[in-house]
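Some structures are shown below for you to check.
Look for chain A in each of the two complexes below; its partner is chain B in the first and chain C in the second.
On to the complex of A and B.
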């Protein structure tokens, strides 16, 4: 019999090793903390996976902390708050999905210009991002930040605004080629009357175009909710969502068969995203060589996961700024398409920004780090001598292993350093700024 | 494959025959340096009708009850057209014969999606599925082939690298500002180690993403070193304090300082004016005009204006009829602008007729690729992306 695309992974012998555990932590969260991989290896794969899947509850104080910060009204403060949740151990899987949905339903404060609305949308991702996709889509369609962002509050009978109607089809749910221009225009008519009053959704019946519409070949007196339902019922919708999940969790170029298979699973599990994510994380495909280190880490991923890997204490706003300098400003994606990701993360200036930030985090500019409290020796399992430094650092940061040439460079640098602290700093900085580290 | 495209009008007077590329087409180098192309992208779909205003057509005022610009405030280019009030500088360049305005530029397969339309402009391919090579990337590839040591194409700004600049083998770097391009110093041992690590190649040749990362890192370190040398220079020409002006000032510095780059793209966003357009659009056009004028004056001052041509484009124009939010929705054709000392100034292409709209839009009557061919072949002396004949934009 033919094996399923997402056949469960059953690790044998040494399969469940440092590299496998790190892979799981990096994709289902933002990488391991010092000691986390050792614990995973002691507990075994099944127990660790259960723990990863249950890693969805923040310290309430941390999450509620936003309310005090929102009064400040600036996006930098809000970015810092989110980074504190991304770094926190409490809900790594939840936050991974939040970032995924923020990229997918990309909304920018550059236009919304209201951090309370941006925060509220972020909480939709946090509450529903592992739940029922249909409920999340309905919530986002009426989300005030989204309404402002895609001109849903300027959509009136007689002069429908097509912005949201287009993007729910083109970018959010179906993809180009699965709808017509006429579908967009008719859907825009159906959304007329939706808008905002203050910071809330409000329906204005007098602005609604109550006439008949035809969308995807079906006729009716459709309103906005009906369009959301029609989009969800479209055969392209589960594929579009599955594609996004696979690109982020498994491999940047999933096959048509993989997409189709996960799409079917998503529909059969009642659109529960959490179940689809579990389905993926349990699979042999997820742990296959094709998936491992197949993605170029984004600026938020690289910043947050490095802070976690080094057990560093850094001001969250500082981490957010580092990510921004690398080309990813939270709550400010470049367009409704989100970040292009992949190779487009790496340009001369963004690489230099990464280089500078990571070298600084390792304290490589001399005199220790001026921005972070870091105990590199503790982070790498307490190497006893300069000679042990290259091995300890690579074991933790590049658990898939490095070749002899790479290791030689680290050994030479460690030997040339003036003592243990400098050796740790320079070797860590070399690894962090090496291209190998940016593949996750 | 059935060709259902609308027959595309190319103005006979302005179009030369499509000829396969030969290096002999390259014009002699002017001013001792190589010719440079600067592309300014207006992201979001610029409202062409309120930029280059056809004020003699009464329909303009009917279609735009609140947004129509009064005749009085326009900078007249001829009897029928005027530039928006905030575009004084470009009107001066027009009077000096350094600005070409091309009417009704668009794609033969128009698309109202920002992303699809931008892809079409970026790849010069209105038909195919979007590839991952852009028209400026192709130029970058050709230049890099001749001289691999130079950064042939550079994207200036803090946006993602546009698809237009993706090459087959050459990857354009992004320069945000000279400061953001500076490597913090560590120590000599670290720098030696770092250069060794990014200089490594796998013996089996199969490098994939890792090879790409190493190449990008090497390019970044090389550019950072050069940039450091140029960062100290400054220009006596005063630029406005806008984002676009800062980007173009950096371009001027790189051109006059001999950075060696021949293709630049910069962009300015915010043109997706679906509601309450008037004030926002005026400010944007003011930023465009002010920045481009200062840029041109700076190039003139540095004596390099004869080897720089600048194209200004947007992914589409906007609907002729304004919407109920005092804005405009996505449209089709719109004017494009080419600026430079070597440019045939004036109005080019067929002027839009507001009584002959197509689906409510000013149609594209000049294929955008005819401008590309002119820039690629006639200006840069390189192989054009397509076989579409060139507009006669250069003297």
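On to the complex of A and C.
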């Protein structure tokens, strides 16, 4: 591993500032709550990072609460339940990784049509998403939701279904160009007999093709577990996983050197995702100007992080619905490729939905909405005059700074408002709907 | 001569006009509070029993019962009530409740009328001790002035008019006292109208109008609160809720309202006047609502006089029983007269779809006219098969209705089977397991049922397992339910003669509070989590809400909702009983 790519960040002077702390909270979670940045600045970088990494304890009642509702079979309730965990302070990094893996191993209830199975898969991401990637991949290969989603039950000797075999190579672990069609066909034979019975994984020996196979140039009487191990041992696998981690945590277009470096670290750390994530979060690369505000926030990210930033009280199912209107329906990714992300988040209709939802949230200040409770004054450190509002709002929501001309507009807006409450609502709405706010 | 006569005539005219300097007689001891409100009043609320309730305070039987219940204990009981009132007691220099009781010992009422584009309100409190009334009001005004930072600002009244002292407290409050009468309102003109009536010993105001007087005379004598509204007048208001009320009067022309809520509830918004009353005593809480001059919906009630639906004897598992009038045959027969032309296609579509279940027969001609207009709904806790007890457990629901003619029963049974078969096709397309149709017997009666296979052990039992639909016919009674166990139980009751005909005329819902409380307790975690997710409350807040609801339901033993429609009058009542001893009466 070449030194330097992930060189540790050692903040000097004012490096550890509001912008840096906010960047850490946004990428390692869903943004700061009111007061969280101030605490981070008081504690310093190292203490704050340790707290972010150690913070993996959910509110147990919320987490367990899903079980009481699964019997209703309603995916909207399940979406709301996950949002409640995303908003909760308990395990921000865990939930960030959960969302990452949900997008990566995209499985949709639109086909699975069973919220218990979707919940179980979600719990795999929660339990193993920061742990051993190999264990997570094995678990997902036998996950009933995945088996239903990629037609495991139709994969039988004599008529193998290639869906899972193809996606574990193309999308999940290797990427196009790192395997052949023959590899897919042979791997599909190895997975024959893997199916479900009710809501459980079941191996149907009578459907398994026990013949010899050749995968990645190796011959053997391979079964499903063997294929998973072969994929994990493939040189492209750590690169593929590292690419995904870097796109999410650092920059949407990581360099080849960055990917290769993290891939090596991943293998040397025995596939422990948590260690790789810590490696990234400690790096100067993570805090570099190139990384900051380099990604367009997805609808779930923007909805959840805004609720947190404003200290707003909104029904979780409402937040999930807002994200759906913005183009991201939890547990219902559009295809096995997950969401396209990036610029595709900003389509005409989805932008209008985003804009309206955020403006409505700002308008809820002072009791202006039945759907949300927001106290913007408390969220922004208690500005005492209308003149202080633009500074307070931008300091909290756009800590990297704003263009002088734009700030003038905010000041004029505040002055034209009919009092403190209106100034807070209007200025916050302008900032929330500004392009800059949607870059995280 | 004219020079002398004209001034004299002017003086004579002045003498006839009400003068602010004229000495005004005290209010007659039998002066009723309703005579103090002008005829223009569109909304009137009288707190006839409030004085007694306030006077007794925590000793009032109903208040004592609430305070000694779990919900009262959770709120801190009598001590919390005393603590909450303590600052008010201190400010008024005595027992606040007793003070309020003395201020309203001869009546308290609130009236409202439109003034310009705003509603004007006036509250009149009539006591029996002018000196005490004056002292208490002055103390309250002094306190308000002090709180506002202007001590002694209200030491003297702003003006004297119509024999009353008047204070203007800010822009939105006018307070006046005349004798033992206190009037407070948000608008000077309406308050002056009340004072003018008070000054007129013969004034009757609103109470002089026949519509109001008749309704007032018929009010329940034990009412804690009684209200009267000139809905026709409110509907005519071109602002505020007037337009909403006018829009509400169009509700009967909506088929879905007629089908779901029935003719009585649907006709309520068309009433000319509405009265409401609230009673609270040692063993019950009762609320009643009465609408006069409603749209009769006569076409839909032609068969209402027929024999009522079968009413099974209560069991300990009953959660609720309802007797409802839903004459679907009449709704469809008269649809062209009842509903606007643009909604008729909405009715045609489901009718043609339902015809598929009945072998292509015309529902409105071949089926519905043979189904009685009264239906009994029974919600009852049932025992589930071991291994298939749903994690979210709901009571089973069944409907019972009379059939006319021999052919319709088998047709309904065949339609039930067709419906299950069609739903199975849809389930098969979604790779879901089917509902299995089978025939079981309860004595000599065949029960058609459909059920899912038992779920695999350890994989959870979905809410769908609450559904095990079944139907059966016993004599001229058809039973259709969400669960076989309930349908069989009702069949057994019919066979045993444990069923009587419900009295026709009134629609009625009887709720068992203990069973509902049990349902809340059984599903507590799901309800709490649902509140967290749907309302955005914290877990603790949601727990408080659900536990509070549970305690509130537990406070009562039984509830009865009744709706009776006679010509253009509709009476709706809700009665919640604290005690279980009148179980049979409540049915």
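Going forward, the second predicted complex is superposed on the first by the 433 of 440 C-alpha atoms of A that agree within 3 Å, B and C clash if a C-alpha of one lies under 4 Å from a C-alpha of the other, contacts with A are read in each partner's own complex, and residues count from 1 in each chain.
Here, a residue touches a chain if its C-beta (ideal position, glycine included) is under 8 Å from a C-beta of that chain, and two chains touch if they have at least 3 such contacts.
Being a predicted model, the structure only gives us computed values, none of them experimental.
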Based on the superposition on chain A, does the combination of chain B and chain C result in a clash or a fit?
fit
Tell me which partner touches more residues of chain A in the superposed arrangement, chain B or chain C.
B
How many degrees, to the nearest 10, separate the directions from chain A's C-alpha centre towards those of chain B and chain C?
90
Examine A:346 and indicate which partner it touches, taking first as chain B and second as chain C; both and neither are also allowed.
first
If we overlay the two complexes on their shared chain A, which of chain B and chain C does A:71 touch? Say first, second, both or neither.
second
Just chain B (first), just chain C (second), both, or neither: which does A:233 touch?
neither
After superposition on the shared chain, which partner residues are touched by A:378: those of chain B (first), chain C (second), both, or neither?
neither
Could you look at A:315 and tell me whether it touches chain B, chain C, both or neither (first, second, both, neither)?
second
Would you check which partner chain A:135 touches, where first means chain B only, second means chain C only, and both and neither mean what they say?
neither
Looking at the overlay, does A:61 come into contact with chain B only (first), chain C only (second), both, or neither?
second
With the superposition applied, I'd like the minimum CA-CA separation between chain B and chain C in Å.
7
Counting only contacts in the complex, chain B reaches chain A at residues 43, 112-116, 155, 158-161, 171-176, 180-187, 189-190, 192-194, 196-198, 200, 209-210, 212-214, 216-217, 219-220, 223-224, 274-275, 323-325, 327, 329-330
Enumerate the contact residues on chain A facing chain C in the complex.
59, 61-62, 65-66, 68-73, 77, 80-81, 84, 113, 116, 197-200, 313-318, 372-373
Can you check the complex and tell me which residues of chain A touch chain B?
151, 154, 156, 158-159, 161-163, 166, 170-171, 176, 181, 294, 296, 325, 327, 334-335, 337, 339-340, 343-344, 346-353, 355-356, 359-360, 364-366, 405-406, 409-410, 412-413, 416-417, 426, 429-430, 433-436, 438-439
Residue ranges of chain C touching chain A (in the complex, touch as defined)
390-392, 430-432, 455-456, 459-464, 523, 525-526, 528-530, 532-537, 539
